[in-house]
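Heads up, the next two complexes both have chain A, just with different partners, chain B and then chain C.
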Partner chain A sequence: MFFKRNLGAKIALLPMIIISLTVFVGCIIYSFVYSLTNSKLIPVFNYVGFDQYERLFKTRKWDVAVENIFIYGIVFTIGCLVIGFLLAVLIDQKIRAESLFRTIFLYPYAMSFVVTGLVWKWVLNPTFGIEHSMHLWGFTWFELDWLVNRDLAIYAVCIAAVWQGAGFVMVLMLAGLRGIDEDIWKSLSIEGIPKWKSYIFVILPMIRPMVITSLVLIAAGVVKVYDLILALTSGGPGYSTTTPAMYVMENFFSRANLGQAFAASIIMFISVVCILAPWAYYEFYFRNREAKV
Partner chain B sequence: MKKFISILFYLTLPLSFISVSKAGGHMEAEVIHWWTSGGEQAAITKFAEAWEDMGNTWIDTAITGGENARGTTVNRIIGGNPPTAAQFNISKQFVDLVEQGQLQSLEEVASAEGWRDFIYPKALIETCEFEGEFYCVPVNIHSSQWMWINKEVFAKAGVPEPNTIQEFINVAPAIQDAGFIPLALGGQPWQESLMFDVVLSSTLGRDYSRQVYGDKDVSAFRDGRYELALQTFRDLNKFVDEGAPGRLWNDATAMVVEGKAAVQIMGDWARGEFAVAGKVAKEDYNCVIPGEEKYVGLGGDVFVFPKSSDPKVKEVQLKMASMMVNPTVQAKFNNAKGSLPMRLDVDTAAADACMKMGLELIKNPDALLKDSDDYNSPAFVNAWDDVLTEFRNDSGYSVADAMDDLENVLTSGL
Partner chain C sequence: MISNTIEARGPRPKHLSIGRIGMYCFIVMCALFFLMPLYVMLVTSFKDMDEIRSGNLLYIPKSLSFYAWPKAWGEACTGFVCEGLKPGLVNSLKITIPSVIVSVSLGAINGYALAFWRFKGAYFFFGLCLFGAFIPYQVMVYPLLKIESALGIYSSLPGIILVHTIFGMPILTLIFRNFYASLPIDLFKAARIDGGNFLKIFFYVIIPMSTPITIVAVILQVTGIWNDFLLGLIFAGRDNQPMTVQLNNIVQVDYGVAEYNVDMAATILTSMIPLAVYFVSGRWFVRGIAAGAIKG
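This part shows the complex of A and B:
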C-alpha cells in the first residue's frame, strides 16, 4: 500500500535517494569513524577514542572560531534582513530611476565573495584605504582600523558580507511588497494608520514567505562562509576572524591532521542539526497536523 | 587475399607501436610543484629543459601555493592517480606517505651514484632517509635567518646598521623619529613565527633551539629564556606599522626596497625582490644574519616520487631523480632560483654578495640550524604558530598565558 502510492514519483526519486544515502550519509559515517583515529596526512584506522574531540575543545582557536560564527551569523542575518527590508521599502515609494537604484543595490550580489573580500580589504586597510585618505585630507583624528583590530575585525567581515547580501534580500522583499494588493493600502490609509506602522504590523506579516525564504538562503550562507574571510583577513589578525570551516580546511590540508579535521567537521554537523532539527520538526510535523485538523 | 592482408596489417599495427616505443626509450613525467612566481618559474624550467634534452616529455602541473599543491598530490595518491614526481619542503610533511608505503624508494640510484657522499649538508640525508633507504631528492637550500636592510634609510636616520636584534631595538626609535617604519612585517602566522624564530635562534643559540623543538625539553623551555624571547618579540611590535595584518611577504619586502621601511626579517628568497628592483647587494641593501653567532637554517625543497604499479614508471622516476642531483643541472637551477645547491661541487660563480655569505656559512657544520619543522609535524608547527600569531596581535595575551599554551602544544604529542 505504502509503496504503491505515487510509485512513479518514488522511482524517479530513487537515484537521488541512493546518492544522498551513499554520498551524504556514507561520508558522515566515514568522517565520524576516522575522527576516532589519529590519522595525519592520510586516513589510517588507528583507534584513539575521543582524543581528537578532547583536543578540539581544549584548543583556544576553536573557541574563537565558534564565537565568530555566532557573531557573524547574528550580525549578518539581522543586518541583511533589516537593511534589505528598508531598501525594499524605500524603493517601493514609487521613486524616480527605480531600476537604476535596484541595479546598484543588487550589483554586489553578482560578485564573488573573493572579489568582495579584496575590495573591502583595500577600503578598510588603514595604510591605504579610507583612513589614509582622510588623513591626507587633513582629518588626522579619523580612525577606521577595524580590519587590523583583533576585537573588531569580525565586524568588518560582517560589513562586507551585509554589503553583498542586503541587495539580494531587497529584491526578494520588493517582490513581496509588489504583490500586496492596492486595496489593502487604501483601507490602511482610510483607517489613518501611519505608514511605518502599516509596514511593520500589516505588510511584514503578509510577506512572511519572502522573509522566510530570505532567512533560509542567508542562514545557509552563514554556515558555509569561508572564501570571504579568506580573501578579507585570512583569519587574522592573529586568528581572531577564523571560523569552524576554516579550522577544518586548515587541518585537512596545511596541517595534515585529518583526525582533528574530521572531529571538527562532525561537531559542525551536530551543531547544524541541533539548530535545524526543532525548526524542521515544527515545519514538517506540526504544520502537517495543523493542516489535517 | 588483398582484403586478408589489409586486415592482417591493421591487426599488427598496434604491435608496431609497442616495439617503437620500447626502442625509443621516450619517457613522460608529470611533475606537481608550486613554483609560479617569475624567478621560481625560471628555475623549474631549468629542470624541464634538462629533462627534455634527454629526449623526454615534461608535463608541468604548477599549482599556486604550497598547501594547495601538496593537498593535490596527496589526494591524487589516495585516489590512485599519482603524478610522477611532486614537490614538498625539507620537513616532516611527507613522512606519513613513506610510512604508508606510498613513495618509491630511490635507493637503487642513490647508492649507485653515491648520494650519501656528495649531498651536503649531511642533515639533508636525514630528511630523506627512512630505514636506510632514500625516499626524496633534496634540490635546494633556503635559509630564513636574514635581516634585510635598506642602507639609505639608515643613513638618513643617522644611525648605524644593526648586527643583532637588540642593536636594532636600540636604534629603531631614531628611525621612527626620522619618519620611517623601522620594521616591515607581513602579519601572517608563518611570517610572524619566522621572525620569532630568528629572535630565538639569534639570541639564545642553536643548542637551546634544539632542546625545545627537538628534545621537547619542558625544563629548558621553562627556564626563563623562552619568556625572554617572547618579550623581545613583543618589544619589536612597537616598530611595526598598523597595516601589517594579512600583508604578503613580498609586499613587506617592497616596503624596504622602496625605502619606506628600514628592515625586514625574512628568508633568503627576499633577495629576489631586491634583484628584480635592480638593487645591488651590499650597496643599496644589506643582508645580515643577526646575532653574535651566525646560524643558517636548512629550509628548502625536495621532490618525492609516488609509487606506481607500472614498472616503467619506476624507471622514469629513477632517471628523473638522477637528473635533479646532476651538478650541471643543479648549478643552472639554483642560480635561477637564488637558493643554495645541495652539493658543494656546483659552480656558483653567478652568486651575489649575500648568497656568498650563505655559501660560506653552510660549509661550517656548527653554523647549521635545524628549524622546528625539521623536527616536528606540520600539525605541531602550526599549533605553535597559532599561539605566536595570537601573542603578537593581542597585547592582552600575557607572556605567562602564552607560555602555558605553548607548553600544552609541546606536551600534546602532535
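This part shows the complex of A and C:
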C-alpha cells in the first residue's frame, strides 16, 4: 500500500535519489576514506590516519596554492563587485544605447574559461602584446610583463577573471537598482543629497540581497578556478600561479599520488561548505520561515 | 526574479550637462576595455605572422590574410594529429546535444514530481541533490571515474553524457521545481479529478506550459556544456574530446613555431556557438546564467 501511493513520482525520482546518494554523498565518503590511506597509483586501503593532511600542509606548493586562491579570491571578488556595481549604476542613468552597453559588458560571460585565458595570454604577451604596442607608440618605459613575473602572474589571472565575470554582477545589481521605488529617488533629490552619496549610503544597503547573492555566487566560483589558469599560465611561471584545484588534478592524473589528491580535495570541499553554509542557511531556512510567518 | 523589472523608467534627461558628457566618456572607455580582447582576437586572426611580429597588436591588418582560418579549422596540430578544430566541433555537438536533451528532461520530470507529487522523504533527497551543486568537481571526479569504469562507460560518449547529466541535475531540478511550484495548483487538481495519472498530466498539462523555463534550461545547459573543459578532458576519452580541450591542445603545443593568428582564429571558432546563443537569445540568456550560477 505504501509503495503504491505516488508510485509514478517515486519511480520518476529514482534516478535523482540514486545519483544523490552514490555520486554526491558517496564520492565525498569515498574521497575522505581514501584520504586516510597512502594510495599512490591505485586506491588501496592502507590506513595511515591523517598523515596525508599533515604532509599536505607541509608542502610548499600547497602553501603557494592556498596563498594564490586567497589573492585571487579577494581581488576577483572585490573587482567584480566594484566594477559590476559601477557599471550597473552607469547603465541605470537612463543612458542612450543602454542595451548595446549591456550586451558589451556581458558578452565575456558567454565565453569559456579556456577562451578567456588564451585571449588574455595573447593580449598580455610580453613580446607581441600590449607592451609591444605601447613601445611602438613611444612609451618605451611601459612594462607589462605580468605573465612572466612570479609575483604578478596571479594578478593577470585576476584581470582576465574580472573581465569575464564583472558583467554578470552588473546584471544582478542592475536588477536590484531597477527594483528601487521611484519615490525614494524623488525624496532623495528633494533632500538635496548628491547622487553618488545616495547610491553608496542609501541605495546600496537597499539592494543588499542582490549584493549578497552576487558575493556568494562569485565566492563559490573562486575555489573551483582551474581551466582559466591552465589556459593562461599553466600554473607558471614555475608553480607561482598554481591553485588547490590544480594541485588536486596534478596529484590525481600526472603525479599518481592519490592519497594527497583526496586529502587536498576534501580540504577544498570543507572550505566551500564554510563559505556557503551561512548563506544557504539564510536563503533556504531563514527565508522560508520568514515567508511562512 | 532577474529581468522582469529591467527596463529604465521615465524619460532621458533632455540636456547634456558636463557631468553627463563625462559619464558617457567613462562608460565608452569601459566598453572599449571590454571589447578590446574580442577586437584583438579578430584582427590578429587576419594578420600574417610577419605583421604580428613587427606590427602593433591594436592596429587593423595592413593586408587581409586568410591563412589562419582554414588552418585553424582543418589543419592545425594537436599533438600528432593535424586535423584542426573540425573534429572538436563534431565532438562538442555529439556531446552537447544528447547531454542537453537528457539532462533537461530529467530536470523537468524531477521538478514536476517534487512540485506536485510530494511523498514522504522526497524533500530530503531534493536537499541532498541541491547540496551536490556546491561540491567542487575535484572531489567527485576520481570516484566518479571509478564508478564509470565499473559500468564500462568511462572515456566514451555515454560516459561524458552521464557526467553532464549528473552535474546539471541539481540546478535543473531546482529551476523546474520552482517554476512548477508557481503554477496554479487548481490546474493540477482539475487534471487529477479528470482522471489524469502521473505521466498523462505531465505530457498533456505540464509540458505544454513549460516553454519559458525550458528555454532558460536549454540555454544554461548549451553554454555550460559547450564551455566545459575539465569534464570533457577526463571523461570524454581521446576520440571524443570536445572543442575546448582541442583548442587548448592546439594553442599550448610545445614544439614548432607558435602561430598566433591560427591560435586566435581557433579561439574565435570555439566561442562561436555560445556567443551566437548569447546574441540571439539576449534576455533569456541573462535568466539562464542567473539560474545556473551556482552550478559545480
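Here, the second predicted complex is superposed on the first by the 250 of 293 C-alpha atoms of A that agree within 3 Å, B and C clash if a C-alpha of one lies under 4 Å from a C-alpha of the other, contacts with A are read in each partner's own complex, and residues count from 1 in each chain.
Simple rule for what comes next: a contact is a pair of C-beta atoms (placed from the backbone, for glycine too) under 8 Å apart; a residue touches a chain by one contact, two chains touch by 3 or more.
Since the model is a prediction, treat every value here as computed from it, not as a measurement.
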First, second, both or neither for A:40, with chain B first and chain C second: first
Partner touching more residues of chain A, whether chain B or chain C: C
Contacts of A:23 with chain B and chain C, given as first, second, both or neither: second
Which superposed partner A:278 touches (first chain B, second chain C, both, neither): neither
Which superposed partner A:148 touches (first chain B, second chain C, both, neither): first
First, second, both or neither for A:234, with chain B first and chain C second: both
First, second, both or neither for A:138, with chain B first and chain C second: neither
Overlap of the chain B and chain C footprints on chain A, listed as residue numbers: 43, 125, 128, 234, 252-253
In the complex, chain B residues that touch chain A: 67-68, 70-71, 74, 77-78, 93-97, 100, 102, 187-189, 241-246, 377-379, 382-383, 386, 389-394, 405, 408, 412, 414
Chain B partner contacts - residues on chain A that touch it in the complex: 40-44, 55, 58-61, 121, 125-128, 145, 147-148, 150, 153, 233-234, 236-240, 250-257, 260
Residues of chain A that touch chain C when the two form their complex: 5-10, 12-13, 15-17, 19-28, 30-31, 43, 87, 90-96, 98, 101, 103-115, 118-120, 122-123, 125, 128-130, 132-133, 136-137, 163, 167-168, 171-172, 174-175, 178-179, 182, 217, 220-221, 223-224, 226-227, 230-231, 234, 244-245, 248-249, 252-253, 258, 261-262, 264-266, 268-269, 272-273, 276, 280
Residues of chain C defined as touching chain A within the complex: 1-3, 5-13, 20, 23-24, 26-27, 30-31, 33-38, 40-41, 44, 52-53, 56-58, 106, 109-110, 112-114, 116-119, 122, 125-126, 128-129, 131-132, 134-144, 146-147, 166, 169, 173, 197-199, 223, 226-230, 234, 244, 247-248, 251-252, 260, 263-264, 267, 270-271, 274-275, 277-279, 282, 285-286, 289-290, 293-294, 296
